[in-house]
Structure formats: C-alpha cells, structure tokens
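Shared between the two complexes below is subunit A, which pairs with subunit B and subunit C, respectively.
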Partner chain A sequence: MSDALKQSLDLSMFWEYRAILLQGLIFNALVFLCAASVALSVGLGAALMRINRFWPMRWIGTLHVEVFRNAPDYIMLVWVHFVLPLLIGMLIRRRVEFHPFVSAVIALGFVYSGYFAEAFRAGIQAIPQGNLDAGRAFGMSERLILWRITLPQVVRRMLPEALNLFISMFKATTIVSLIAVPDLMYNVSMVIAQEMRPLPLYTGAALTYFLIIFLLSVGVRHFSERWRRKILA
Partner chain B sequence: MSDVPSIRIADIHKSFGPLEVLRGVSFDVHRGAVVSVIGASGSGKSTLLRCVNHLEPPDSGEIYIDGEPLGSRVDARGQRKPRSLAEINAMRRELGVVFQQFNLWPHMTVLGNVIEAPIRVRKLPRKEAIAYGEECLRRVKLIDKAGEYPARLSGGQQQRAAIARALAMRPKAMLFDEATSSLDPELKDEVLGVMRELAADGTTMIVVTHEMSFAREVSDRVIFLHEGRIEEEGPPADIFGAPKSERLRQFLSKYRK
Partner chain C sequence: MGNWERLVWNQRDVLLAGLGVTIEVCAIAFAAAILGGLLLCLTRLYVAPLRPVAIFLIEFFRDTPIFVQLMWVAYVWPEVFGFPNTFFNAGWLALGLQSSGYLAETFRAGIEAVPPGQRDAAFSAGMSQTQTFSRIVMPQVVLSSAPSIVNQFTVIVKSSTLISVITVPDLMSQSQKLVNVWYEPIEILTATAALYIAFVFLISLAGKYLADRLRHRYGLAAS
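== the complex of A and B ==
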C-alpha cells in the first residue's frame, strides 16, 4: 500500500479534531433545518398558486418552480450572497449585507422549494375529488379541507419523494462552506490549512456524511412506510 | 309551521356547457318523508342531488331548507342576494350526504371520520362528539370497527361508516346518491337494511337509487326523472302499479325479468 493511501485511511487526525468538526456538523444541521422549513413552506405556497383558479396566480407559481428548479444551487448561493444584497440595497438606498448563514438558508430553501412545490402539487392533485366533496358537503371551509383532509394525505403520499429531496438537500448543505458558513467542510479546510494533511480529513468527512445520511434515511423510511401503509391498504 | 317542507326544490335548472342536465325540477320533501328519485343514467338524478346542497350550484331556481333559501338571502332592503360560500357552508351542514363512492377520508379511522365534522364544523367538544359518534356507529352496526382505517373495511362496511358520518352531524335530512350502486349484490342488503331502519325511525330522506324494490317498499313518494324533467311522480303504489307515461313503463320494464 502506498504511503499516501495509508495516510488517507488513517483517521486518527480526524478524530483528534472531532470537537471543532462536530461544531461544523451542527452548522450543517442548522442550515438544513432552516432551509428545509423555507423549502416546505415556500414550496407549499407555490404549489397552491400553481393550482389556483386565477391564471396570474398559476403563472407566478409556474415561474417560481421553473426558475428555482433550474438554478444550480451553487450559483444560487453565490448570487443570493453577493448580488441580491446589492439589488435590495439599491431599492431601499441603504447598504445591505447578508450573514452567510442567512444567504445559505435563502438559497437552498428557494432552490428546493421548486422541487417541493412539484411534489406538493402532484400530491394535492392525486386526492380524489370525492374526498373534497365529502368535506364540502359537511360544511367544511376550503381552508379546513386543505389542512384536515388534503395535506395529511399529501404528506403521506409524497413521503418517499420528500425523503429523497431531504437527502439531496442535506448533501447540498456542504456547499455553504463556499461563502464561509462554518460547516463541517469549512472546518475541515481550516484544519487542512493548519495540518497540511488533506487526505485523512477528506476521507473522514466523506465517511461522516455517508453514515449520517444512510442511518437517518433508513430510519425515516422504516418509520414512514409503516405509517403510510395504514391508509394505502 | 308544519306545512313548511323540510326541503323545497324550486324550479332547478343546471347545464354543463351546452348540455342541459336539469330543466326545471320542483318538489317538496316533508319532515319524516322518504322521497326516492329514479330514472335512467343521465336523467339528471345525481346532478339534482348535488344541486340540493350546492355541491353543484344550480344555474337558476332555489333550494329551501325549512323555508330558508340556501343559495340566496333577502337583505334588509328586501333585495335578494347570493349567499357567500361561508353562509352556504353553514346551511349545507344541515343535510347529510351519502355518496356512491363512500368518500371516506382514508387517513382517519372510522371513528375519526365520524367525529371530524362535528368537532371542526359544529364545534362540539371532543368527548361529546365521540359519545354521539359511537352511538351513530352502533346504529349502523359498525361499532366494532371504530378504530379501523377505511382501507381495511369491505365496501358495505365503508358505506355504513359513511352513513354514520352523515348521521353524526344530526342533519335535518339525509341525501343518498346511489348509495348501493358500487356495491356487490351481497353487500347491498346490509346498506339497504340500515337505510330502511333510518326511514322507519322517521328520518327525512331523498334517495337517488336504482333499487326499485327499496323505492317501492320504503318511499312515501317516488319521482321519475327523464332528461332533466319530472316525467311522473306519485306514491309508490301508483308509480310501480299503474305507471301513466310510456317512458316510465319502458323504464320499469327493464327492471322486471
């Protein structure tokens, strides 16, 4: 085995820096949680617009989906961090700057809101009309029908797809190191700059992400399948 | 007060595009009466029932529930104005609907389905809703399935659960839209049995049906729809025993072997 390979598989250095690396990982989790909340709520809003009765609303919803689904997350991140503050600054005639964390949450949240909007829309349109008729016949308002009848079923139906989206999203959180959000990858590069031994640190980071995503998704899939089965017979 | 009908259907017209489905249908349903609506497929029966609770707003005509117009109201200046959706919602809850396809909410248990509208719409305390919901499930003989999800029930059980769900709202009248049409013959009877009991208990009912024996034995009045108009109506003995119109005779002959 070559020395370089041996070195890159020796994780003792990665372990040595576990405290600072764990801090980075917590940042990943925070970016993920905040961006996921943005993606889900903005995505639901866009989905509701896409199926609205009024065409201008539908048009805005479609535009939203197309713009954000087709924007690479890296470019979105850079644009939100560097260009968007300039535009806003011009509008309100004040100097604006985004904290890297905020830029990361907005960029990832909006990119993924495009995907979630499509998942929500497909789920909502799959609910049989009769289910909604029954709600209306018993005097339920459209809002009540959305929250009590449509969404609970949509969430169950879209779980497998949502799980995949969450996984990609968690992976995408690693690019936030580019705008200096102190996540795991950012801290890894900091340690590398100090120790000049990139190989074991990159291997350690790769393994860490793999284990976290693998274990979480297996767990979530197991739990969600049992919950879904109940209603889908 | 007693001669104000529970439901008055007054000159209902409804078109879908160029297709005129209802061409002026009027009749009254008195408290405790069972009115069956029969007719060929496409005669407008189901549309009529959907118009009664404004799931399909009629193009013209009006529905009165205990004398109150459902689609419009008269304001302080004596002008007739269309009601808002919220007002229509508040009134349509007085009519319990049972659909051909059951339309139970699959993500709720049977009891969950039954107590949903009483809690969310009638604002009944949960405990009370459960107590009355269980009573309704007992009435349709389904109390042992209260905790099951609809997907695990047979069609007949699902339809009985749907009847309990409608009863739980304590409606002034029940509307049955071909409630047994999508059931296998052996499952029809358990649902028809429940409907007979409701009728015997004095429930006001409009029953759109293909079950001629049910219409004949249970209804107080039978209405025969043909191409969106009432072709003939009367007590079941006359409709089935001495049909006057040629079309009704033809229609009935298809049901006799």
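== the complex of A and C ==
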C-alpha cells in the first residue's frame, strides 16, 4: 500500500512528458479564452434582452438564462458536438461536422453565458435611475447611455463576480477532453494508455490543476477585496 | 414525432433507471458533502493543531476541477487507500469531496456571522460549549446557509453527469448507451438534456421557495 503511495507521489514520469502536457494546458487556455469571449458577448446580449421593453424579448432572455444556468455542462458539450451539427445539416441540407474545439467553445460559452447574463443584469439594475435621466437630459441616445454610463459602472461592479465565473469556467475546460480536444487531461489519458501507470499521472494532473486554480483564486480573492474597498470608497 | 416515441418514450425504462442511479449517487454525495463539510469546517475553526490540514483539504477540494478529481479518486485512491472499491463509490465520493470543500466555507461564513455576544450570553446562562453550539449557533447557521446548501445540491447533480465516464450507469450513461444502439442522437440527447435541465430547475425552484419561507418565518436577511 505504501508502495502505491510512493508510486503516485513519484512525479518523474509526469515530468518526463512535460512538453506534451504543457501543450495540453495551452489548449485548456485557448478553449477558455474563446469560450470566455462567447460567454461575455452572449451573456450581455441575454441580459439586455431580459430588461427589454418588449415582453417577447424579455421572455426569450429569461428562457436563455434558465436553460443554460440549469444545464450540466457535460450534457451540453455532448449535445453541441453530436446533435447541433445534425440539426444545422438538416436545415441547410448539407453534411455538417464540428471540430471538437468548436463544439467545446460553443458549449462552454453558452453554458456560462447564462451566469454572465445574471451578473450583467444585476449590475445594470443597480445603476441609479438618476444616472440614466441625467444622460437623457443631456440628449444622449439610449445606445450612448448604455455604452458611456451604464456599462462602465456595470463592469466595475461585476468584476469580482466575473473573475470567479472565469475561474469556474477554467475548471470546466477540463471536460473538453471527453470530446477529444487535446487538452491536459486528454494528453494525460493518452500517456496513461501508453505507459499503463495511472497513479503518478492522475496525481500529477490533479496537483497541476490545483496549483494553477489555487493561485488564480487567491489572486482573485485578494484583488476583489481591494477592488470592493476602492469601489465603495 | 414517431421518432420521439420510438427512441425516447419506448426507452423510458432505461432512461428512468439511469435517473434513479443519478438521484441515488447525488443523494449519497450530498449527505457525504454535508457531513464532510461540517467536519472540515469544525476542524478548521476549533481544532487548532489540525487547522492547516483542514485548510489544505478545503482548498484542494475546491480548486481541483471535478473531472480531474473524479479520475483521481477512481483510479488512484483504490491503489493507495484501498477505497473506493467500486466506480459507484468513487462517483459519490468524488462528488461529495468537492462539495464538502464548498460547504465547509459556507458553514464557516454562517458560524462567523453569529454575533459573539450570543455565545457569551449562552455561556453566562450556564450552557456548555456543546449546548451553545448545537442550540444557539447551529440552528442559525442552518437557516442562513439553507439556500447555498440547496444550491450545492444542484452543483452535485450537474457534475454527476461526469460519473458516466467511469461507467456508472447514470442517466447520462444510459442515454449514451441508447445513442450507441440506435445511432440517432437527436431525440435521445435532446430529451436527456431537457430532463437534466428540468430536474436542476426544479431543485433550484424548491431552494428558492425554501429560502423565502425561512425568511418569512424567521425574519432572516436575504442571502
């Protein structure tokens, strides 16, 4: 038993494959960056729909938020990868296939857009009505008010929560290995298939992710506290 | 619509069996998470020598992605600790460990929010340490963190889809089996996704209802 423990803590094999594992980690980062931009823009769109004057728009925005916030990300990933191309193919009468990377970005982006929409909406609704009235009194258009008055304040206010969402999102990128995006976990399982030594490799992967995410979240916590003090002051 | 009947409705026994396993795993994981979270939190707050260990475990469980943790628990733990002996056990254990980290922090926030004056009052009324904790502190913690606890259950259900990867026959894995038999993913996967979304939605609705009721009955601040 202690032999097994020694084996799993012996990370030399993990180190031996560092080049390919690092490549995987870069894929994690790429998926994260693309999915984050999708989540931010779709989330902002959904938030604006939720506070729209016309009820059908509000209804669609609410539906969007409720569906994606309650959807497990793994089923969404599988659905986007295996069902969405078929549906699109039926629509344009042509065979469509998604690259796993594209599916991963769409799935994670849309799942997290639900959370971002709520963060945006909370931020937008916290803007005092007087700010908007003042903008209108100056003759600003609704669009200008949104970009110059509302959004800058919203971004400042929602930054800590958004950073936490980004961290959850980075954690979620580990599941893209299940549709064969060559991320860290995928490369780890490839190496395991070759070397037949899961103990050091899975332990190494767990420790690597732990270290990265731990450092990120410590940084975010530290930053958020300072940020809140600065905003409230 | 014929396809829906053939692929989803006629296969309802298979899917429901999977849903049953999902609920079972999530319920066990949830119970384990509450117990584990309480244990970690109390160790962190009141057992000084073990405090660094508790903090490390809480951070480790929270900051490791659930999929990685699942594979780690399923393939490394049996060799090192001799447990979990089945993938079913590995599934709920990994889900429970991750949530125990989050719940430990929720409980800690709840305990630290109880004003120290109340504890002093209880002591001066002659209550013991244990009595103070179980009669004064804990009831307030349970009430104030009820919404987060329910929320954690939805997180467990969502993450539980991943145990299909280690061949636990949950809803996700049953529906993938059906897809592999029929080669018609559209209906089966859409129905599965809808089922999961509805299930998680109902839980969070129940959580909101519970939180509102508690607030009305006991006049708690919104959290």
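Going forward, the second predicted complex is superposed on the first by the 220 of 233 C-alpha atoms of A that agree within 3 Å, B and C clash if a C-alpha of one lies under 4 Å from a C-alpha of the other, contacts with A are read in each partner's own complex, and residues count from 1 in each chain.
In this section, a contact is a pair of C-beta atoms (placed from the backbone, for glycine too) under 8 Å apart; a residue touches a chain by one contact, two chains touch by 3 or more.
Keep in mind it's a predicted model, so treat the numbers as computed, not measured.
Under the clash rule set out above, the superposition-derived model of subunit A with subunit B and subunit C shows the two partners fitting side by side. With both structures placed on the common chain, the touch criterion links A:Arg156 to subunit B but leaves subunit C unconnected.
Of the two partner chains placed around the shared chain by superposition, neither subunit B nor subunit C is touched by A:Leu22. After overlaying the two complexes on the shared chain, residue contacts for A:Pro198 are found with subunit C alone; subunit B is out of touch.
Superposition on the shared chain A places subunit B and subunit C such that, viewed from the Cα centre of subunit A, they span 110 degrees in steps of 10.
Between subunit B and subunit C, C contacts the larger number of subunit A residues. Contacts of A:Lys230 after superposition: subunit B is touched, whereas subunit C is not reached.
Judged by the touch definition given at the top, the superposed model places A:Leu178 against subunit C, while subunit B stays out of reach. Of the two partner chains placed by the overlay, only subunit B lies in contact with A:Arg136; subunit C stays clear of it. Judged by the touch definition given at the top, the superposed model places A:Val78 against subunit C, while subunit B stays out of reach.
Following the chain A superposition, subunit B and subunit C show a smallest Cα-Cα distance of 26 angstrom. On subunit A, the surface touched by subunit B in one complex and the surface touched by subunit C in the other have no residue in common. Against subunit C, in their complex, subunit A makes its touches with residues 1, 4-5, 7-8, 66-67, 70-76, 78-79, 82-83, 86-87, 171-172, 174-175, 177-178, 185, 198-199, 202-203, 205-206, 209-210, 213-214, 217.
Those residues of subunit B that touch subunit A in the shared complex are 53, 55, 85-86, 89-93, 95-97, 99, 101-107, 116-117, 120-121, 149, 151-152, 162, 165-166, 169.
Interface residues of subunit A facing subunit B in the complex, by the touch rule stated above, are 128, 130-131, 133-142, 144, 148-149, 152-153, 156, 230-233. Of all residues in subunit C, only 59-60, 62-69, 71-72, 75-76, 79-82, 154, 157-162, 164-165, 172, 176, 179, 185-186, 189-190, 192-193, 196-197, 200-201, 204 touch subunit A in the complex they form.
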